[in-house]
Amino acid sequence: MANLSINIHKLELKNPVMTASGTFGNGTEFDDFFDVSQLGAILLKGTTLHNREGNEYPRMAETPSGMLNAVGLQNKGIDYFIRHIYPKVSEYKTNVIINVNGSTVEEYIELTEKVNQLDKIPAIELNISCPNVKEGGMAFGTNVKMAEKVTREVRKVYEKTLVVKLSPNVTDIAEIARAVEAQGADSVSLVNTFLGMAIDANTMKPVLSTITGGLSGPAIKPIALRMVWQVARAVKVPVIGIGGIMNATDAIEFILAGASAVQIGTANFINPNISVDIINGINDYMEKHKLKSINDLIGGLQM
Amino acid sequence: MNKTVSDLTIIKNTRLNHDNYLLELQSYIKLEGIIPGQFVNILVSDSQATFLRRPFSIFEVNYHQNSISVLVKVVGPGTEKLSSLKPSDTLNVIFPLGNGFSMPMAKEKILLVGGGVGIAPMMQMAKDSRELGAEVHILLGARTKMDHILIEEFSRFGTVYLTSDDGSVGVKGFVTNHPVLLQNNGFNQIYCCGPEPMMKAVAKKAKELNVRCEVSLENAMACGFGVCLCCVTKTTGGNKCVCTDGPVFNINDLSWPI
Amino acid sequence: MANLSINIHKLELKNPVMTASGTFGNGTEFDDFFDVSQLGAILLKGTTLHNREGNEYPRMAETPSGMLNAVGLQNKGIDYFIRHIYPKVSEYKTNVIINVNGSTVEEYIELTEKVNQLDKIPAIELNISCPNVKEGGMAFGTNVKMAEKVTREVRKVYEKTLVVKLSPNVTDIAEIARAVEAQGADSVSLVNTFLGMAIDANTMKPVLSTITGGLSGPAIKPIALRMVWQVARAVKVPVIGIGGIMNATDAIEFILAGASAVQIGTANFINPNISVDIINGINDYMEKHKLKSINDLIGGLQM
Amino acid sequence: MNKTVSDLTIIKNTRLNHDNYLLELQSYIKLEGIIPGQFVNILVSDSQATFLRRPFSIFEVNYHQNSISVLVKVVGPGTEKLSSLKPSDTLNVIFPLGNGFSMPMAKEKILLVGGGVGIAPMMQMAKDSRELGAEVHILLGARTKMDHILIEEFSRFGTVYLTSDDGSVGVKGFVTNHPVLLQNNGFNQIYCCGPEPMMKAVAKKAKELNVRCEVSLENAMACGFGVCLCCVTKTTGGNKCVCTDGPVFNINDLSWPI
């Protein structure tokens, strides 16, 4: 067994494989399939201060090698989470991370303060890149000034590991990454979904109730990989790679490009066991290539 | 039984008519306690047009031979591919998924209403209800005589009534035009699966007749086990996932304008 | 037969189907397959002032439902074109459009002036979005000021139809579209390729000689469609939709989203006859939906 | 003949060894004047992992039965899928593509060198050269005895020499270790196809021996008919497309450091 453990700031991961927010429920939905404590970390679904019903159905469109979603952060709010879900998920023997969302800086702060009280949550992922909400969301992630501001303010009230999740819908993602790093982000995760659209030619209508939605899955992998590579060269903090990872080879590509860890998203829908399979696949690859530690693989791209 | 991801082997693929196929799948994991109305989510590999899994109602469970069958209506690339599979081909399947119908009690008089491929969950429902001692009536709707399938199989478990849009068999019109639904026949429960307009019409009728009614929805799904939140339907308790809180809902819990 | 003809400024198209630059050679490569005069227009491969050898091999990577290319505008330069290719392509009974590239504004101008002399070239497509060249290219298309400048200067020396081809690698493509419209563009075409990357995990090396390349094919369709929809609502000039169009249904989706015409790119590699098939498919669709003129379809999305 | 896009029907799929298959394809378009070294570009439909077509050398043309065959070595999803096809399955194919070898004249003594699946274009080349009256010698290299295929078929058209990396058959080592290449045997021309390092070694040898030499390259392709400019190789005349200016090049035209 190769040494897969890696630290992201104060966060200690037994391996670099996490699940992506919004694609893994609260983790408990996977209990039937495998022991989620095997993972490096699990990212809970996007959480807001108050209950959100999300967008109208239809919220999904299948696309070539991918899918669009327009869930819109449906969740019951942080108080419900603390009361009903936290007790269960804090039993897991892995890092449980909350994906923090707000429509104003104040909301981000208030939510973060509440999460800060939770002993068993060692990190938050600040989602400034949700394309499916009317207010806030992606607006924070596509504007340097706003990305800086929300990171700075949240940093003030949060001392544990602060990961900022970046939007790919920008001209220069490295610029945003550098900006949030300068404001105190301990890590950046990328990418969130690409803003896309699907039309039903038969009905002449948009497929999604919200017209546009977020594109995920292998279709976006080449762009996500490029962005991770660019950001890894632009910042000093560890980078978490996300986007269309379907198997161990994909995950290894992100790590070679400079990611210290990866998140598995849409692939969970197709194969609920995929995240453990990927851990095993990375281990096999490292043994084959005689790499002792995952550190030998991170940014190992040869040019 | 617990949800599982498993490779099932096709034992038989029967062409029922021009666009319906019955696939019988051998399981290597012991099947137990599957509830009528539950569904499976099938990975259609080897097809460029299908990225996500495809959900299908469990048509029948054969505990004896440890197999389940699904009724597949060809509507697109995924179902096309499934219809072309042959015995000994394997399929990767997540199952059993969803809640299933609330089963009737002995002596209850129940009506199962299936429209189009919505008849799929009704076979196991009819079988199990009959076994529980209920009096089973089955109303099947389709476009034409040619589109009606499996009538004989259904009639093994209850009295079958038919409608067709063009009147080529049974009562002409929609299922809601059939006397068995129009009159109060003393049903204790109505169970329905089919196109949404049909289910709404049946739900309305059930409400008028003051009969308890469950419908099985077929919202588009990405995961099928409650993690993507794509498949929601509005209920009196907010948005609920059709794949886990459903696919079967009591019509009183849905926010349908009926 | 429905009426498929449509005008883009002074350009008269017998149908809205064009082929995308860089994917159709000089058209002559398709003579064995079908009569290219049936198309609304053909876009010739990216042309520069001088001979360019393009990038080193490997220039291509297959990706899920797409491909990356790093051709880098290999072409023999405008003078060679005028002497050897122009005589042949000007025989076609369709619009032959040159895709104009430069690394400086001066180069764009000089090249345009030469193209302006060519009677049988009724339009140019100003490529400010090539991701595969070291200088110029995408830099013009991802910066409002530079996009404005090159459009303004080229407009001064060119009176025929000026189409500006936009890069999708931006935060706000509608902003760039409005900017080039204001500087006199008669039409905008979008999208060019997305900057992406592929890594060979076995060799731990980038697949492309240039590390990054341009992503095309159905993978990008949902994002391209969203951009076309946004731009069509932002500008008054006709929009030409490009990105992952593989069949008539895809083309119709772009037209419903607001495109007055479409370009077929990568699909030509997979099926050389696809562009005529798409013309026929659009006609069939219009007949089925009882639409008399393509104008009834453009922007016909129902919301 | 002109390039065409056409559906060909599989007549026969023969498994030659653990990873090589010979597919025989019926054409409905009349085959004529196909040159050894030309190739076909096959659409592997129904596979999620193959978006682009897959190029294969034309292994043999049977004008009589209007069929062509291709030798497929399984290396990934596309070739895997092709290897699993059965008679009566169809394949969409663009052909004939590329330039092909310059044919020898009668009485010329030629050496065909094939390494691994690079033997594919050599069968038709051997056949046609023999027909033209050339004296054909065929040097085949593979990893082990197990990897050597079609030796008997080749020997119908010329003298066959073998090498294997492990010495399990023929001369141990690479093709360039074989005496037939080491000594000047009076060859008028050498034709070579195989892994690039092998072709470079053979080209070097040919240069030393001052024998005219053509190699067939296998650069990655997106289109196969000269429009994407992805498949280029450096030549003395600048970057040239392997799919149209090649796949066969005279080694003197390539910018190889030999």
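Labels for the chains are A, B, C and D, by order of writing; each one numbers its residues from 1.
Everything below uses one rule, namely that a contact is a pair of C-beta atoms (placed from the backbone, for glycine too) under 8 Å apart; a residue touches a chain by one contact, two chains touch by 3 or more.
Just so we're clear, the structure is a prediction, and the values are computed from it rather than from any experiment.
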item	value
Contact distance in steps, from chain B to chain D	1
Neighbouring chains shared between chain A and chain D, ordered by label	B, C
Centroid spacing, where centroids are CA-atom means, of chain A and chain B in whole angstrom	36
Approximate Å spacing (C-alpha centroids) for the pair chain A, chain C	34
Between chain B and chain C, centroid-to-centroid distance (C-alpha), Å	47
Multi-partner residues of chain B (at least 2 other chains)	48, 51
Numbers and ranges of chain A residues touching at least 2 other chains	63-66, 217-218
Category of the chain touch graph - line, ring, star, complete, other	ring
Each pair of chains that touches, named by its two labels	A-B, A-C, B-D, C-D
Contact footprint of chain B on chain A as seen in their complex	22-25, 29-30, 32-33, 45, 51, 53-54, 57-60, 62-67, 69, 71, 74, 217-218, 266, 268-273
Residues of chain A touching chain C in the complex	61, 63-66, 68, 142, 169-171, 194-199, 201, 203-206, 211-212, 215, 217-223, 225-226, 229, 244, 249, 252-253, 256-257, 285, 300-303
Partner chain A, residues of chain B touching it in the complex	2-5, 43, 48-53, 92, 94, 219-234, 238-239, 244
Touching residues on chain B, where the partner in the complex is chain D	45-48, 51, 81
